[in-house]
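There are two complexes below, and they share subunit A, which is joined by subunit B in the first and by subunit C in the second.
The block that comes next holds the complex of A and B.
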C-alpha cells in the first residue's frame, strides 16, 4: 500500500508540472477534439449515405465510439506515457529507476499525466449523453454497473497491451514502432463493429490481440445485439482484463530482471 | 553536371541513395509496417463490403471499384503519411540545434529536403507499397486500370507527391519559428485525412462539405489520383483534374519559396 501512497505523490508532482503550461493544455485538448470530430464525421458521412453498417445504425456506432473514448481517456490520462520506456532505456535513465527503493513500475506510471485524455473524456461523455437521449435505453442497476465495470476493464486491457508492448524493449531496445502500429490498428478497430470484418479477423482480435473486449463485446451485451447463438465470451471483458494484466506484469518482471542497461 | 543555384541532380541522387541505405537497415520495423499495411487493406475492404451489403448504389460506383479505391488509399498513405514528410526531420534538427548545418550546405535547402524525402518515399514504395499492392491484387481483387487511366494515374500521383511535399515542407518551415509543431501537425493530419478523400471518397460528402473539399488542395494528394485509377474521370475530365493539380503545384511551390525566404531571414536574425 506504500506503493499506492507514493503513486499519489508522483501524480501530484506530475500535475503541478503540467500546470505550468496552460496554453499547451488548451491546444492539446482542442487538437484531440478536432481529431475526434474528424473520425466521427467520417463515420457519419458513411452512415448518412448507406444508412447502416452491418446491423448497426448511426446511434449504435456512436455508442461504440463513445464507449471507446471513455476507456481510452482513462488509459491515456494515466498511462499514455508507457511508450516513454524506450527513451528511458536508450538514454540509460532507466538505471536511476532501479536504484531507488520504489517499484520501477510505480515510478514509470507516475512520472507523467496526459491531459490530452481530457479531450477524449469530453467526447466520450458528450457522445454518450447524445446516444442516451436518442436511444432512450432503459437500463437496470445491473446494466449500469456492468457498463461502469466494462469502461474500467476496457481501459485496463489497453493499459495491459501497451504495457506488454513497452516491456518488449527490454529485449529489443526499440519498441515504439511496434506500439505505434498496434495503436493505429486499435484506433481503426474500435470505430467499427468487429463482426463486419469476417470470422478470421474476429478470432484475431478476440484471442491474439484482444482489442474486441475493449468496447465491442461490452457494447454487444449492453445494446442487446446478441445473436441467437450463445456466445459466452461476450461477457468475458473483466476476465480478459485480469488475464492480460497478469501477462503484462509477468513480462515486465522478466524484462526488468533481464535489463542490463544500454551501452557497454 | 548542370548546376542552377545549388540545385544539382547528382548531389540529389546521392542524398536519395543514403536515405535508401538508412531505411533498409531497420528490418523489423519494415516487416511490422508490411503486416500493418496488409491488415489495414483487409479491414477497409471489409468496411466497404459491409456498407455495400446494406445499400449497393449509394456511392454510384460498384463494390470492386470502391474496394480498389480504399486499398489504394491505404497503400498511398503508407508513403505519403505526414509523419514521413520532411517536417519531422526539420523539427528534429531544430530541436537539436543543428538545423544551420542543413541550411548552410552548398545546396538549395528545399531541393535538399526534396531529394531526401524522395529517397525515403522511393524505398517505401518499392519495398512496402508495391508488394502489398501485388498481394492485394490477388487477395482483395484489386482492379487494374486501363492504359489511359494508368498513364493518368502515374502523372497524377507524381503531382500528388509534389503537393504533399510542399505542404509538409511549409509545415516544417513553420516549425523553425514555433519550435514545436506537435499539436499543429495533429490538426493538420486530421484535416488532411478528412478533406483528402483518403478514407471516404469526396463525392459522397454532403452539401457544403463537398464544396469546401473542392476548394482545398488536400484532394490533390489522394482523391484525384485514386479517382483516376478507378476510372471515375476519363478524357477531358481527367485532364481537368490534372490541371487543378498542376495549378496547386505551382501555387504551393511559389508560396513555399516565399515562406522559406521569410523564415530564413528571421532565423538568421535570431541566430546572430
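The block that comes next holds the complex of A and C.
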C-alpha cells in the first residue's frame, strides 16, 4: 500500500517533468500511429492476397493484433522504460536508488511514464471496435471479464519478460542487445497466430519465452478457435503472468544483491 | 572493513574481446583494505586521499549501497547493508558530482517527493525548509528545474535535500568540487551551522584544503585503501609538515649567508627566507644564531600549507 502511494508520488514528478517537453510527446504519439498503420496495412495486403492464415481470417488476425496492441500499450505506458536500467547502472545513477528508503523497483518503474504508448492504445481500441462491428460476436459477461483480465495479464507477461531482461544488466552491465532481440521476436510473432508456425516453435513460445500467452491463447479462447482436443493451458494466461512476475522479482532481487556485492 | 572488486582480465591477441567475455579470469582489487575508524557523535571529519584511494567506496559501504567483502560496519547501531532501508532513514548522502534531485521539475517538487519518501512530518518539513532556504540562498531557485541550475546552486539544493529528514549522519562526497568561491562560503557556513545546531555527524571527502581548514577538526587520510592518518588537523601539520620557514627582515641590507640547520630559500631587499626542519632546529635557535651576527627588525614563522602537507602524505607512499 505504502509502495503504491509512493509510486503515485514518483509518477507525479515524472509527469510534471514530461510536461516540459510537449512537442516530444506529440511527435511520439503521431509516429506510433503511423508505424502501426504501416504495420496493419502490410498484414492487410498479405491476408487480402491469401485470405486466411491457417484457420484465421483477416478479422481474426485484426483481433489478434488489436489484442496485442492493448497489452502492449499498457506495458509501454507504465513500464517501457525498464530498459533504462542499463543506463542507470553504467552511469552509476542507480546508487541514488539505494540510498533512499524506498524499494528500488518502485523508483525504477516510477521514474517515467510513456505517453507515446497512447498511440498503441488508440490503434488497439480502433482495431477492436472495427473487429467487433464486423464479427459481431456476442459475449456474455464472463467472456468480457476474461477479455479484460487477459489484456491485463498479457501486459504483465510482457512487463515480466522485460523486467527479467533489464535485470540481466546487474550481471552483464549491458543487456540492451538481448532485450532488443526479445522485443523484435515478440513483435514479429504477436502479429501472426502461433499455430501457423512449427511444433517446436509453438513449444518454445508456450514454455520458454511464453509470449504466446500474451495474446494468442486468450484469442483462441475468445474467438472459439479451440480445436477438437481440449487444451487446458489455453486458459493459463493469468497463471503464467503471476509465475513470470514471480520469477522476474526473484531475478531482480538477486541482481540488486549482486550489485551491492560486486559494485560497479 | 575490506572491499574487493573483481575486474575481468583483458585478454590479448585474436578475438580478445570475445574471449574475455567468456573467460572466468578475474584479478581482485582491494579498493578498501583493512580500514578501521569510528566517528563520535556530532563530529565533522575530513576524509581525504587521492583519486581512487577508496573514499567513495567507503562512503558507499556506509550508505548501504555496497556490501563489505569482509569486516563489519555499524552506523548508529545499524549494519547498513543488512538494513539498507532503515539506514537510509538516518543518513543523508550527497555526491557532489551527481545530483539525486529530479532533473526536469522545479526544485520544490523534488523536496515534496522527498518529504513523502522519508515521511517527514509537515511541521518539521516546513521548519527545515524555512531554515535552509535563506541560509543557502535558494529562494530564487525553488521554482527552477535542476537542469537549469548552476553547479553551485545544484550542490546547495542537493545538500538541503539530504538534510530535510534530519539525518543523524551526513556523508558528503566531494561537495565543493568545481563550486565557485561564493557558493563554497555558503556551504561552509551552512554545514558548520547545521552541525552546531543539530549535532549532525558529518563525514566529508574533499580535495579542497579550505574545506578542511574551515570545517574539520579531525581528518582521516587514506591511500590505496589503507588508513594513513587519523587525528587532528593540527597534529597532521606537526607530523607531516616537517618543513617550516622563517622570514627575517634585517635593519640593513645583508649579503646572503648560511645558517647551520637551515637552508636559504630566497632574498628580497632586506628580507631573507630560511627553510628548516622542525625536528632538527627550533626557530629560537635559528633566530639567536642570526641575531648574533646582524640586527633584526622583524620575524615571521611560516607554517607549511595543508595542501603541501597532504601532497607530502600522498607522495610518501
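Note that the second predicted complex is superposed on the first by the 259 of 264 C-alpha atoms of A that agree within 3 Å, B and C clash if a C-alpha of one lies under 4 Å from a C-alpha of the other, contacts with A are read in each partner's own complex, and residues count from 1 in each chain.
Note that contacts are C-beta pairs under 8 Å (C-beta built on N, C-alpha and C of every residue); 3 or more make two chains touch, one makes a residue touch a chain.
All figures in this text were calculated on a predicted structure; none of them were measured in a lab.
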Touching partner for A:102 - first (subunit B), second (subunit C), both, neither: second
Subunit B versus subunit C, judged by how many residues of subunit A each one touches: B
Touched partner set for A:13, first subunit B, second subunit C, both or neither: second
Which of subunit B and subunit C A:28 touches, first, second, both or neither: first
Touching partner for A:260 - first (subunit B), second (subunit C), both, neither: second
Partner chain(s) touched by A:92 [first = subunit B, second = subunit C, both, neither]: second
Common interface residues of subunit A - those touching subunit B in one complex and subunit C in the other: none
Complex contacts: residues of subunit A adjacent to subunit B: 24, 27-28, 30-32, 34-35, 37-38, 41-42, 45-46, 48-54, 172, 174, 177-178, 181, 184-185, 188-189, 192, 196-198, 201
Subunit A-facing residues of subunit B, complex: 26, 28-29, 32-33, 35-36, 39-40, 42-43, 46-47, 49-55, 58-59, 183, 186-187, 190-191, 193-194, 199-200, 204-206, 209
Subunit A-touching residues of subunit C, taken from the complex the two chains share: 3, 5-6, 57, 60, 63-67, 81, 84-86, 88-89, 91, 93, 95, 98, 100, 102-106, 109-110, 113, 116-118, 145
Residue numbers on subunit A that touch subunit C, as the complex places them: 5-6, 9-10, 12-13, 16-18, 20-21, 92-93, 95-96, 98-102, 260-263
